[in-house]
Every structure is written in structure tokens, then in C-alpha cells.
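A, B, C and D label the chains in the order they appear, each numbered from 1.
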Amino acid sequence: MQIRTDLAMESRDFAQGISGVTMHSRQMRAIKETLVCIETEEAARALDKARGTYITLVHPKLARCPGEERNEMARAICEALRAMLPPSGDLLVVGLGNRHMTADALGSRVLEDLLVTRHLKELPDESLYGRLRSVCAVAPGVLGVTGMETAEVVQGIVEHVHPAAVIAIDALAARESSRICTTVQITDTGIRPGSGVRNHRAGLTRETLGVPVIAIGVPMVVYAAVIARDALSLLLEDIGIHEEEHTQAIDTLMEKLTLQGMGEMVVTPREVDELVGKVARIIADGLNMAFQPRLSEEEIQLLSHDEP
Amino acid sequence: MQIRTDLAMESRDFAQGISGVTMHSRQMRAIKETLVCIETEEAARALDKARGTYITLVHPKLARCPGEERNEMARAICEALRAMLPPSGDLLVVGLGNRHMTADALGSRVLEDLLVTRHLKELPDESLYGRLRSVCAVAPGVLGVTGMETAEVVQGIVEHVHPAAVIAIDALAARESSRICTTVQITDTGIRPGSGVRNHRAGLTRETLGVPVIAIGVPMVVYAAVIARDALSLLLEDIGIHEEEHTQAIDTLMEKLTLQGMGEMVVTPREVDELVGKVARIIADGLNMAFQPRLSEEEIQLLSHDEP
Amino acid sequence: MQIRTDLAMESRDFAQGISGVTMHSRQMRAIKETLVCIETEEAARALDKARGTYITLVHPKLARCPGEERNEMARAICEALRAMLPPSGDLLVVGLGNRHMTADALGSRVLEDLLVTRHLKELPDESLYGRLRSVCAVAPGVLGVTGMETAEVVQGIVEHVHPAAVIAIDALAARESSRICTTVQITDTGIRPGSGVRNHRAGLTRETLGVPVIAIGVPMVVYAAVIARDALSLLLEDIGIHEEEHTQAIDTLMEKLTLQGMGEMVVTPREVDELVGKVARIIADGLNMAFQPRLSEEEIQLLSHDEP
Amino acid sequence: MQIRTDLAMESRDFAQGISGVTMHSRQMRAIKETLVCIETEEAARALDKARGTYITLVHPKLARCPGEERNEMARAICEALRAMLPPSGDLLVVGLGNRHMTADALGSRVLEDLLVTRHLKELPDESLYGRLRSVCAVAPGVLGVTGMETAEVVQGIVEHVHPAAVIAIDALAARESSRICTTVQITDTGIRPGSGVRNHRAGLTRETLGVPVIAIGVPMVVYAAVIARDALSLLLEDIGIHEEEHTQAIDTLMEKLTLQGMGEMVVTPREVDELVGKVARIIADGLNMAFQPRLSEEEIQLLSHDEP
């Protein structure tokens, strides 16, 4: 049984200090930022994560915090993104996942609040439209609904639209339930095969698309089997039994759980429908600020459907 | 930590055979029916369930079975209901839960396919409308959204509409994840305080409403803490430790999980958005057949928005 | 063919100056406020509107204006409401209409952003919760969906909840398409039979509910027959034909249009799905400010984004 | 002012008999089929429609008819389509329009019930999956939401997926309100610029995509200006005035209506939200039958209710 996490900062043996990995944290008021750089192939293999930079922003009550703290998170996302974005050129935002599955709808929900401008660029209004960076967006749907790999659809679009970079938004699976809707991961490594709530079969990376791919993800679920697994480890530790002694008992148990259909079960907050909307809006705010540095926050608000 | 289940057939000490409880099971093709009668107050206390009849219908692939098996389940629901319904008089269907929370939306989804007829009874068309039993329906919303206890709203309506019985539809919490979207429980005991995905604070019962209350429920979630708890028990058994010896270790662990916010976490199938719609439709079919014995299945289909 | 309008300011013979009616207008930046008082029964009959006060607030681009103008409208709604609200006591907000029909969904959409507090009143937090006025809310659904008159449902609830006033939100039919999503009418006369997009069969008034009823409405449709009728009048005027000479020709024509199914056709902006959400939010902001005078706008924002 | 219709059978001067156009009608129980062939470039110019075949299927109560008549319509769509489909090769279905705008959501709604199979073709189950034709689907969104022309997105996908044909589903604008949700047009001419509820700026045709494009459309709106225009013509005729005499009066009037914002107003049935779902399901049934001739209706039903 694979214990999946899409968060670099949760990677299994992280604490053990692998060479080729650097990590820095800082607290910015209510938000904790962690920067992980995986610098060598060996480190990448050891952590089962691609080489590159991972920035994690954590606010323990992200979807329930006051407006000012929401704006701080949006600005932190903006900062992190700006360092990764190419200085000019069109941007293509890809909202991954299945809009009809609440825990997988983050990608398409972000697009609802994104300021899309590529079709506006001919407009004469110098004061505002003349300062816009060109942004376009697509929610390609999932394999089970379209019959096509997301990568196929995005490749086709990239070849026609020629963006300078792709920004992909995805719902992630985490290892700890406290990560759900509280953590935003931004990475320049793109989307890897096997990641996401629905396990993407193909990746969206610079190798497959030919342009830089920045991925922004938020954990929306923990696989139920992970919860069970972790509860077991905690217990064994508590009652003074070394995990290694009972590896087989645990493996047998996990297999039983899988046979009971637990493999497809996810743990999610009861109110996930509401949380996903709130987090999507924060991310969209961060994207809009990062993409449109020549607009003020007020101008962005006005253009992006003008809702406070 | 309370280990909640809303299913009578899952009640903790069931297997131990309490006096005052009778149980019968039968297999009807793909559906297993279990009839539990709790006949004495002592039995009710022992099981923490109200006195009355509980019929459970289980199809292990309910939301994914072929059309014919769906219809069988609808007919089984119809049969179970008919034995509990008063022979005449208006019926009020109450769709409980929060329509904006997928795992709690079953009640309001059932109403979408229910044949509502109370306002049609003056129509002249003898051949069809003359044979209708009067049915009305309401989805009162949840306390957090309306500021009112569901019981307050339903009482007010009952006093104006004077139904012969109330039929309440609710999403349940179960103990085993295999119950989710596979099991339908029908009981003449109404809705008890503390039941349901959102823990109703007040009940809907004959005592509070003054008319018989039939409750129909389908498990939509298992609380994550339950999964963890059960995994622990299984493990301890496997490694030959008696649970009693480690009650405290387990309790400490469960407390830790609660502190991590696990208490509000639910386990649910990834595709719950899709499943809830399918199960709602089956229940609505069963209700429509039970309520309208003088209509053929085709006539019901035609009236109830005519979708196959 | 009845030429329906739910706006007092559009009433047919308004311009002619009936005694017993007073009207005042004032421009407040982008918003025009019109106050109509129908003071006598004769005037009420002549205008086919109930006696009472009607305040109309018009912003020609309400759903598309900058944030500051939106806030002005919310404050203007708040002002108008405060003059009509009882100084103390619980408030019950009723969201009328059919949530599944976009042009009729205004009422239930407003409830989504309403600050509901009645269930919070026991909370200890003096600084915030101690200053809340008790508000509850219900979206009772429409006759075709529930089988019950809205008035029956609301009466039952009023008898249990004993509010000091009912505030009913409804989508209206107007006479001119320029009114759609630009005009907010607030009246102390309640909801009259025959009004609204779906023609309420029974009213919600002080007479039927026993408490003051304030109605807030926004035109969402114009009946297509009205557009046709008005186009004809304009044309006849233009080509120098007096309308009276051709009353019969017009009547015949309107009948033809009715037979073609035009009677059920409504004229609505293509993007009505988007507009209704924006207008609903403005109204909810206005209600929240009017209901909670002891909270600042920031505190309201915080609470209404923070479901308890 | 342009009087738009997307239906070939409504084209202006149709009755006058242009050479190069053939038309045949037949009644099939409740459904009337009209076949229009525009055979020459002259005829195409005269009618402002592309050369090709247009099949129109009309059931005057399509969204409200009994199940059997619905199935007849699905079979008629299947028949019409089969004659146009290439005998083998992958099929790409494109659901046009804006899913968030009810009257424009037909395309994306059809995809919800479409049997998508392209990703299943490796499955071993000979009895069922071995008989599937490969179908994939995409809802590319609209220019205002994506910043990309639909044609750009579809071209990119076509170049990657290499379908044998594209089938595009779109909501149409008609000239008569009685067409709304009662008429299905199937044509081998593709989607032309300027057609559809939202006026596509670029077309989807064999010329732009390099493969045959079959378009299936259902009128969902009539522009309000058309209703007004037609009412005027009817009236003038009735009162014995020749339209030509008053061309200018009519033109002036139409201009006034446009200035009043009528240009963006559409006429639509009040219950359009409900109707679009029903019509979408009928079309999806017809597509599934046409695409999967080696499956029985029951097998299609089973698969399309059974998301893999």
C-alpha cells in the first residue's frame, strides 16, 4: 500500500536530512512559509519528488480567517509566483480536476475568479487595458469524462496559443488531515504523473509541454488508508512496540482495509463544498496580482467581476 | 469519543443477543433485507436506539448496478414503506440536511424526483389525477443556515398541513465504510436527536410532531475517528493483544486524533457527488410507488418529470 | 392580456397624477431613489397596488458597477429598511421563488449571504455575539415543488418562531427591460397575490401573517408579451395612428401571440445567471447592515464569511 | 438590425423557392422531419447559410413528452447522424457554449450523459468493451471565460487526437419562440461564425479543422428584438398597411429598442433551466445510439450510468 502525499514538505524521510536538499522556513504573521529546494537527482530519488523549488504557505485556518489575513495569503502566493514567472509573454492557466467532484474541483473553481485577458488585448482603453498582461485559461476535464489525457488536451492548446508559461492548479492528496484547505504549495516542477486527488496518468512538465510549468496545489483529501496507517504507528509507539516487529501485522491489516473498499475512500472535512470555494478565491486573487503587476488591487477587483 | 452509527444493524453489542430484540434476514436476489424489532425499553437502552421497527436493505453496488436491480431496490423500499404508511390522508415528505454539502444533500436531492401532488387535487382529469394520493414536501434546511431547529420548522408546517404521516429523508453516519451508498434503512421510529451527518439537535418523532414519523436514511459518511478506532482494534487482535489491556492507550490516541481536528473529518467515497444523485433517484422511485398505489410505474414515470 | 408590473413606479396611469399618491425623488450619486406613498384606498384601487410606502432604488448598471457604488447601494437599502423595521425582536427573512429557475432564484440566493444569528444567541462572546440581533431565514420553495402555498409554510413557521417582522425577498416582473437587475423596490405592503415572476397565488401580508411584512424585490424578467405590446404602441404613435383606433387589431394580435405560447415566455438578459448572484450579494449586504446596527461593516463581513 | 436565426428552415425567403435548394418533409408519428439541401453557392448566398444538408426534427412538446416519444426523438437523431458519420475512426464531441449561462449550457449538458470510451479501448472485456467505438469529448468554454477562440482550442485537440469527425453541440437562436426546446437541427456544414446564442467569432468547419464537422443544435432563445419586429409586421398586416410604406418607422423603432438595451435581451421560457436538461439527455441518447451501433439500447444505458 502506497502512502501518498503530494506535499514535498511531508515527504517521508524529510527530517533525516538528505544531502542535496535545502529547507528554509519563516513566519510571516499568521502564515508560515517553507522553501524546499531539491537540488540533485539523488535527493529527488530519495524523496520521490522532482528536482526543483517547492514553496509551501500554511495558514492553520485559511478558509476561515478574516479578510485581511486572506489578503496576506493572496499576496504571499503572488510573491512566490512572481519569482517563478517568465518576465513577459502570454500565460496559460490550466484548472485540473473534475468540476463535478467537490474535492477535485479546486482547479476549475479558481478559473471562475481568474482575470482572463488574452481576448481583450486589442481594446483601446489605454488607462487600464493597455496595462494588462495576456492571460488565458482552460479546464480540460479529467480522463474519465473526456476520454483524453489532460496532457494531450493541454499540449494541443499550448501548440496553438504559444504561452510563455503554463500555471496548473490542482487539488492534492496529503498525509495529514490538518493540511486540508490550510496549505498552498507552489512549485516550478509542474504536475507529475501519479499526483493529485485523481492520480494523473501523465504529467504536465517542461519536458512534455516545452514551456515552464508552475504548479499550485492545495490538499483537499487524505486517503483513508493513510489515516488508518498513521493511527496504527502512533498506537504501537505508545504501547512500546517497535513498528518493525509488526510490519507484517500492519501490512496484513492494510490489505484487509483495501479489500473492504477503503482504497477509494478519502477523508475530507464535512464542509468541503464551502471550503473549496473560499480557497479558490484566495488563489485566484494571488494569481491575478502576480499576473498583472501594472494594475492596482482595486483595478484587479474591478475587472475580475468586481466582487469584494 | 463516541463511536457513532445511525444504523440499527450496526449497533455495538448486537451480536450478543439481547432479549427484547428480534432480527430476521432474507436474501431477495441482489438485495439483502434485515428486519430488526426493538420491542422493550431495556433493549432500546442497551442498543441506544428507539423502540420500533428497522428495515435495512443492502445492495453492495447500489449506485452502480444495472437498471433492473435499481428497480428491485425501489420496489423493496416501496414494500417496506407501505407496511408503515397510514392507509389514507396527506403525506408530508421532509428532506433533511444541507443541500450545499454534498454528503448531507440526500434529503433535498430526493425531493427533486418526488411526485408532489397536493396542489393538483382539484384537477378534473379523472383517469390520472383522480387516482393521486396527496403528497407535499419541504426541505427545511439546517440550523446553521436557517437559525431554526428543523423540528421547529416542521412542527409549524405540520400544524397547518395536517398530514397523516411525515416521511423524513436523511443522510446517515455509519460505522463501516462499506455501508456508504449501499444500504437503505427504513424505520417507524422517526429521527432521533444526535443522528444524521450533521447531528440533529432535536428529533422528529411522533412525540414531537403528533403524527407517525417514518425515517428513511442512507449512510453517506463514516467519521474518520471511527476508521482509526476500528483499525486499531483489528490490529491489536491480530498481534494477540487483548483490547482491554490497552484501553487507555487507545483512548489517549483517540484524543490525540481529535485534537488534530479529526473529529470533524469524514470518510466518504471520492465520487460521492455522483453517488448521492443515483441513490436519491432510487429512493424517490420507491417513495413514489409506495405513495401512489393506484398509478402504474409508467404513469408515475410520466408525471414525475418523465425521465427514464 | 394583462400587462403586469410589480413596480409601483411603473404603474400604468402613474403620470396622470392621482390624488392620494405622493411621490418624491432624489439623486444620491449614481443611485436614484423614488419614494411613492399610496395613502388612500381609492388611489390603491386606481393603481392596482396596496396602500403603503414603496421605495425604489435605481442604479442603471447595478450588477456591473465598481465596488464602492455597490456598497452605496447596500447602504441605501439599509437606510430604507431601517425606517420600516420594528426596533427590536427577532426577524424572519423569507427567500421566495424557485432556486432551480435562474430568473426566480433571487430569494434563495440572498439567503446564501445573509448573516443568520438566531441559533447563536446563547454564545458567550460578549464583544461580538452579544451585540447581534436575532435573524432567522427560510426558503420555502414554490407551490409546484412543495405542493404547499408559500403562505401556508410561512404561517406555520411564524407561529412557532414569533418574529417581530417578516422580510420577504422576491424576483419581480417589470414592464421595461431596462429595470432588470438595476432596480430594487422596498415596500411595507408585503407580497400581494399575483405578484412575482411565478405569480404567487396567496399573499404574505400583515393580514395573513399577523406581523409586519416588508418586501424587497428586484425585476428579473419582463413578460415577452409586454415587449411586443409596447413596441406596437411606440410604432403606432410614430406613424401617427391613435392607439384607440386600433385597439381591436392590437388585442387580436396579442391573442395570437398568446396562442403561440408567448404567455409563458420571458425576456431576460443573456447573462442572467451571473447577474442574479451579484444583485443577491448587494441585497444581502444591505440586509445585514440594517439588521445588525451594532456591528461594524468589517465585523459583518467577518461573520458572514465564517459559517459557525 | 440583424434578424438572426440559426435554423435553415426559418431562413427568410425560404418560401419563395430558390433554385439550388431542395426540401422534403415527412411526419413520423409525433415528430416532423424536414430535410433541406442547399446545393449551390448562389442558393447558399441567397439564404445566408452554408452549402450542405440540414435535417430538422420537430416535436412540439419535446421536453414534456412521454418516455416513448422521447425515445423516438433519440432514434430519429441517431438515424440522421448515422448518415453523416464516417464509417470508422475516433469521434470527438465538442460541447459548445457557457456552462454557467443556462440558455447557453446545452453543449456541456449533453456531455454529462455522453458515453465516452476512448480511454477504455484497452480493456479486455470482449463482450462489451470490444464492441465500443472510440468517442472522446471536450467542453472548451467560451471566449469571454477562456480568452481563447473555441476554434483555437478545438484545432489543438484535433491535431493531437486525430478524430475521423467532430460533432459539435450548440444552443441556437431562432426566429420564433415556438422553436425553443422543440426543434433539433443536424447539419454536415459545421458551426459557422456568427451563429449560436453567443455568436461564435470563428467557425468550426471542415476547412478550419481538416475533418468533417457535424453540428447539432437546439434553439434556446429568440432575441427580444426579433419578437418586437415580428409583432410589428403582424400588426401592420392586420391593419392593412404595407410594410414597405413604413420601413423607416420600423427601423427607427428598432433602433430605439436597441438603445434601450434590448439588443442583449433574449426571450426564453421561464422554466428553461429544467428544459435544457431534458433536451440534453435526449440528444445524448441519440448520440450514444449513433456512435455505438454494436451495443443494444440496454447496454448503452448500463454503460452510461456506470462511470468507469
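Assume a contact is a pair of C-beta atoms (placed from the backbone, for glycine too) under 8 Å apart; a residue touches a chain by one contact, two chains touch by 3 or more.
The structure displayed is predicted, hence computed values, not measured ones.
Interface repeat of A-C: among B-D, C-D or A-D, the matching pair is B-D, sharing over half of the residue-numbered contact pairs.
Chain centres here are Cα averages; for chain A and chain B they lie 36 Å apart. Once the centre of each chain is set as its mean CA position, chain B and chain D turn out to be 42 Å apart. Looking at chain C, one finds that residues 274, 307 touch two or more other chains.
Taken as a contact graph, with one node per protein chain and an edge wherever two chains touch, the assembly is complete, since every chain touches every other chain.
The residues of chain A lying in touch with chain C in their complex are 64, 66-67, 271, 274, 278, 298, 301-302, 305-308.
Listing the residues of chain D that touch chain C in their complex gives 100-104, 176-178, 197-198, 221, 224, 227-228, 231-232, 234-235, 238-239, 241, 246, 249-250, 252-253, 256-257, 260-262, 264-274. Those residues of chain C that touch chain B in the complex are listed here as 111-112, 116-120, 134-141, 143-149, 152-153, 155-161, 307-308.
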